[in-house]
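The data blocks that follow each hold one structure.
Shared chain: subunit A. Partners: subunit B in the first complex, subunit C in the second.
So, the complex of A and B:
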């Protein structure tokens, strides 16, 4: 009965057979094996193919041949020129836009914020399409004013990609500008600092992580973008379109693989640096920070509104023009209302739209299961294993869609592969989308699973629950709302994505976004616009349904009588 | 012995949280682990629950070796500071959860839930969700949920710390009452000496991963083994004993105000430096020979205001010997 009984140390107990450990390992395997199959293996196949010449020699011959050609250096230079220019323009524009919305008292903030996100819900080539309706050879500007503006090439791609990447930069920067420590601003003002000085010495430095993150994210999006350069690039070839030319046009897998590796390097570096920045950016706001309060300043607010209105007009007008062009007889010559472009004269007609819906629903379901399982299993793994799983889960963010798609051909179009039966099915399209966007889905899932206190697990365990029951009865119901948002994310991305699936569609599994590209390619811009409108309407319906249900749920919760 | 712990050792990243703790607990006993934060009391509780794997340990329960038994098979009920009611389930579903996990017969569960709700006086709250209850109500549901599957031991991890003072006192009494009615072996972790003294049959005072003293509240208060225990349970004035080197202590309520009839060598005079009126008592600190001495006297005493010169007596029979030497 005393504390002084000599302790006989016994070795740490060896755990016997435990069903929970079995469940963890089972779940971990169910998460890791598909990641290896659908991410690591395709990447490996790309690397391997890039080192094997058509004659079967192993070595750097493919690289040597590519690097020696002047065309190749031009394409690399093109890619970087477009990406760097677009990144600079987008980040500056998005920063000012986010500043107007978060740090001024201008009106119509919600409307402007919603309009800024529009490009997320359209296929990537819609921006290029809209610009061509305006400034193209047969665009309304050139025809009306009898001008000869040549938008095809560098500037066309830059403008289209600025619009395309704008919402991504805006989301990151508005998150950075939304928080701030009022104490710093008050101290600065008391010390007599002017607005310009405060901006330079406080606002800019405190949002530096957001700015860097936006730079790397936009750079990655632009250098890997395929749709816009395809439509508006003309002879101005970039890496992403060159992969397509080599593989689809000439069947040169090994050269496609070499370019894929070349594209993978900057994209991977950008993503890794971005992740490192975001991981280091944890405690810029402490619990002692005071939230910002923004006072009115008539002149500043007017300038902000004017700027935001111009940006919103640019973004909305592109969508609006595509919409209008799809409903007129012949843009821009005959502007009479017509539905003739909705009789799609393309392979399979309207069917790809429904194929896309089916594939997107499959991707939503599989994507939710994959990313939520990955997030949940991390909870029970040792820190080292959890870190390895995190790395594998966010790795796809660094893999350009074109590269992943090419990897899938190499792996799943190989008769020696037992999984070859997947090739040419809807399933492979859905799987490709799941792993193409795995990083984003996983980050949403792991953030919300991470917010569920571990005390719930411990309580549940002590009450006699196994791990799977805890997962089913406690954790999953708590994170249900964010599971729904992951499903919507996957559905929307799968409806609009083009780059990875372009290599995997077959005549029987044609997708809507691919149809848009094919229609545009065959000179049917108005039909391409009509098809884009159909895609956007379905995306809008899905988002409307999601927000409607979320609102209903919130209201039902609010109606429960208070205790 | 019902629950017997031997040589429990645990380090976190090289920092010792428990340095070979041994302890025996009787069936039906209410034991409190008391100590400052970081003393290892919560870690010890979590090891008993099976939520933490000790580096070295021998844990026996009712003659059975517990070391390899996972938490969910121990059938120990646990209540955490943060209530931890499942937010997606009603009160009734929360209480039924453990019964379902322990494979109770489906038809037995509703009756058990009703009787547990009655036990904690929440019969009318069965259909509510946790966020609709007050903190005190939530913690009573958590208690009912932990007790529902008839656990062999009830483990309470600072169950009252998140509650308001008044609710805390009520629930403290309720827990004690429940425990004596159910005769369930209970271990409660707390850093609050009053809480421990009110509910515990025995208190285990811990500091820096070691047990400093184990005993009934009265024993610990009247015969603390060392300065740490003395200071943690109530207040203790430190005084040099007659030999000048060993340490002794005296509780503030045992220091006597002089009436004037004492022998001069028993009197000590000092000047009041602080005087606090606490309702039933007044706590006075005075400076005697450069050392602080605290005494507590009944009721309100305006005459013992700061600056007043007073004489006190330290009765030798009230002195407590403390093990550790002078600082």
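So, the complex of A and C:
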């Protein structure tokens, strides 16, 4: 994979310049047009639909009708109550967890860190499913201890969403807590500050950006999550479930659009504020900083390990109970194990699992091409244009999946649209996933492309290579490892996501995560658990393959003489 | 070079997948409100009879299915509506989407089960039933209910679940039969009283029974056959048919005018009236219009009466329950839904 640029007969410089410009503009168009088509247009369609009544009048009538209904204000209040409570709990828990892993010398850090990420690899509603097996009215806990805990409703959603959003908060906070300036801590200690005071005056302030960012990320995840409230919410309706019921159930697009816009506002504010914060977050670590060194402190480390163990136990027990429940013959009356729940009595049986794999592979390929091209194009564009492209590329982060999915129906299930043929295909599902997660893929790609020194561009050009050749022979080989991680990211997200694609699946293009929801909806919890297990196994296999290959590559590198 | 080839092959594979589109000959799309597991068994048998026809199935709760069909009316995606409550399909907006068709064997179906204008015919039906978890009753020391009236007993507070009348055909059937039985004024009062004992309203009509089966709640109001199924599975369930008479509903099928594959759609509708299908109705439904559908031993043992006509609320007025559906559902949402 060494990046050699073979010499070739020098072309006329003017011609090289022209093809380069053409290439950049061609590539820019190839990046921008799909972004307009698959992000901007659906959003516009949502906005437009929300302003048009079923009778065809234009105005605020849809909004007026929704906001006038007491039920609607109750649902909005429910959504905020759940989201704020969950955010508070998750961020505090994740902060302490990240602190234990990054700022103490407790053992088993790697194991705990890995367990904390488990919820990322399963559809969101698996959390609620597991909680019901454990804490449902006839769940293990109530049966064993003869209790009468009723978990349905507010607290059920909160607990499920805390578990679901935990890894996101943990990743952000552990990045924030991983760095720190040892000089500050040393001076504080020499001045006689106790640990509590140091925590309050140094640790907390220096991680404030991480905390704020975690707050907004968790809030967005929770207010737009609909899998968990569907399963465990009972009659406690939130915005995300209402949009599903109104659109998928009752076919009321205009009301769905209104709720979509209402959902878009807090999510968009959260993401914008988070981006602004992240931009401001630069100066705390300078080149003079000393990396932290963490000494042993037996008591502190024991407490940290105990806390981390409790959190890991909670997360792992959900996955474990779902796994076990998928094999139980007649929950909870006959606990003998059997495979009967793996004979899926759901639309198209096990087929949706393979459909999901195909769609996820497509999303991985298309996602890599889309995000890496966008990152490369940004590199070559003028700063102003590059900024516009950046904005469009990260815009999808602010769009809840359900809103995007709804926008896709409005745009692509319209017989007047020349792209209508996409509706009902696997392609639209893959495309929807590509643009739903475009921001994350793009950020990985552009960080990686940004690391390639511009000197390579110049050298390459001097040697007579065009831009495309530079891209192929210089940039792509260097960013190859991050290309692989973007592909894995897309694959995993596409396997487990529910919110956008729920509106786009058709009987012929059913997806695995949707099957889990349908199975649960019709009361087949154990089959839903079995289907979730299948999804998790495939995700685990993909991750295993990725890490295996990455390890192999690293070892081969190490064996090869440097050069 | 090999690497490059692999890249091309991948690209071609993606292009091929991208070009896959939904509608093809030998393939029909069927919308149904039948239970998922029943539909699967029926379709497996159909696949044996007609291996060349692939059926894509969308299963939704009745209310949701009808709303979806209406929402897609400008560009319908399905060829056939299968096994969906007559009360909900008997709506001029939906009937005008149907193409009159007389499937083979329609003459042997009794006249109450088919449309004089040939737009629909029924194969099966269902009636209200309570799934009562005997272990939960024992554990909580609760009496066995035998009627709707019994359910008002405050001892059942928080122990009962029933389907949501807006999304579930069973849910609508239950409330509309009570309203017809008691008259609207007393009927609504009854539903309000019942609401005090209700733990949850559930989107699907069979799920309340499944929740009772796993002991999540002691009593699940559902339709009779979902109780039969849970009993056959081995759950500690007793099927109670309300002594006031059980409201019932018939499940009808229709061909869509907009179908792009009418030939295959008709073959599917014909199959619904064959003896093969009728045998399955005897195993998997509480009432059928097709001659040859006899309830099996196992079904009778689970508590289904041999002659269902003895337990039905016979004054059920389908005409009225179809006509008033929108109003009653709206009223239910406003008065009862949480």
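Here is the rule we use: the second predicted complex is superposed on the first by the 542 of 563 C-alpha atoms of A that agree within 3 Å, B and C clash if a C-alpha of one lies under 4 Å from a C-alpha of the other, contacts with A are read in each partner's own complex, and residues count from 1 in each chain.
Methods note: a contact is a pair of C-beta atoms (placed from the backbone, for glycine too) under 8 Å apart; a residue touches a chain by one contact, two chains touch by 3 or more.
A quick note: this is a predicted structure, and the numbers were derived from the prediction, not measured.
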| item | value |
| --- | --- |
| Contacts of A:401 with subunit B and subunit C, given as first, second, both or neither | neither |
| First, second, both or neither for A:464, with subunit B first and subunit C second | first |
| Partner chain in contact with A:477 - subunit B first, subunit C second, else both or neither | first |
| Subunit A residues touched by each partner, larger count belonging to subunit B or subunit C | C |
| Which of subunit B and subunit C A:366 touches, first, second, both or neither | second |
| Which of subunit B and subunit C A:251 touches, first, second, both or neither | second |
| First, second, both or neither for A:525, with subunit B first and subunit C second | second |
| Subunit A - residues contacting subunit B, complex | 1-3, 5, 7-16, 18, 20, 453, 455-456, 458-466, 469, 473-474, 477-478, 560-563 |
| Of subunit A, residues touching subunit C in the complex | 136-138, 150, 152, 234-235, 237, 245, 248-253, 330-334, 345-349, 358, 362, 365-366, 413-415, 421, 424-427, 506-509, 518, 521-525 |
| Complex interface listing, subunit C residues touching subunit A | 10, 14, 17-18, 20-22, 27, 29-30, 35-37, 40, 56-61, 63-64, 67-68, 70-72, 74-75, 77, 135-136, 158, 166-167, 199-201, 203-204, 206-207, 209-211, 214-217, 233-236, 338 |
| Subunit A partner contacts - residues on subunit B that touch it in the complex | 6-9, 20-24, 49-51, 53-58, 67-68, 70-78, 80, 82, 84, 86-89, 97-98, 101-102, 125, 128-129, 131-134, 137, 145-146, 149, 155, 210-214 |
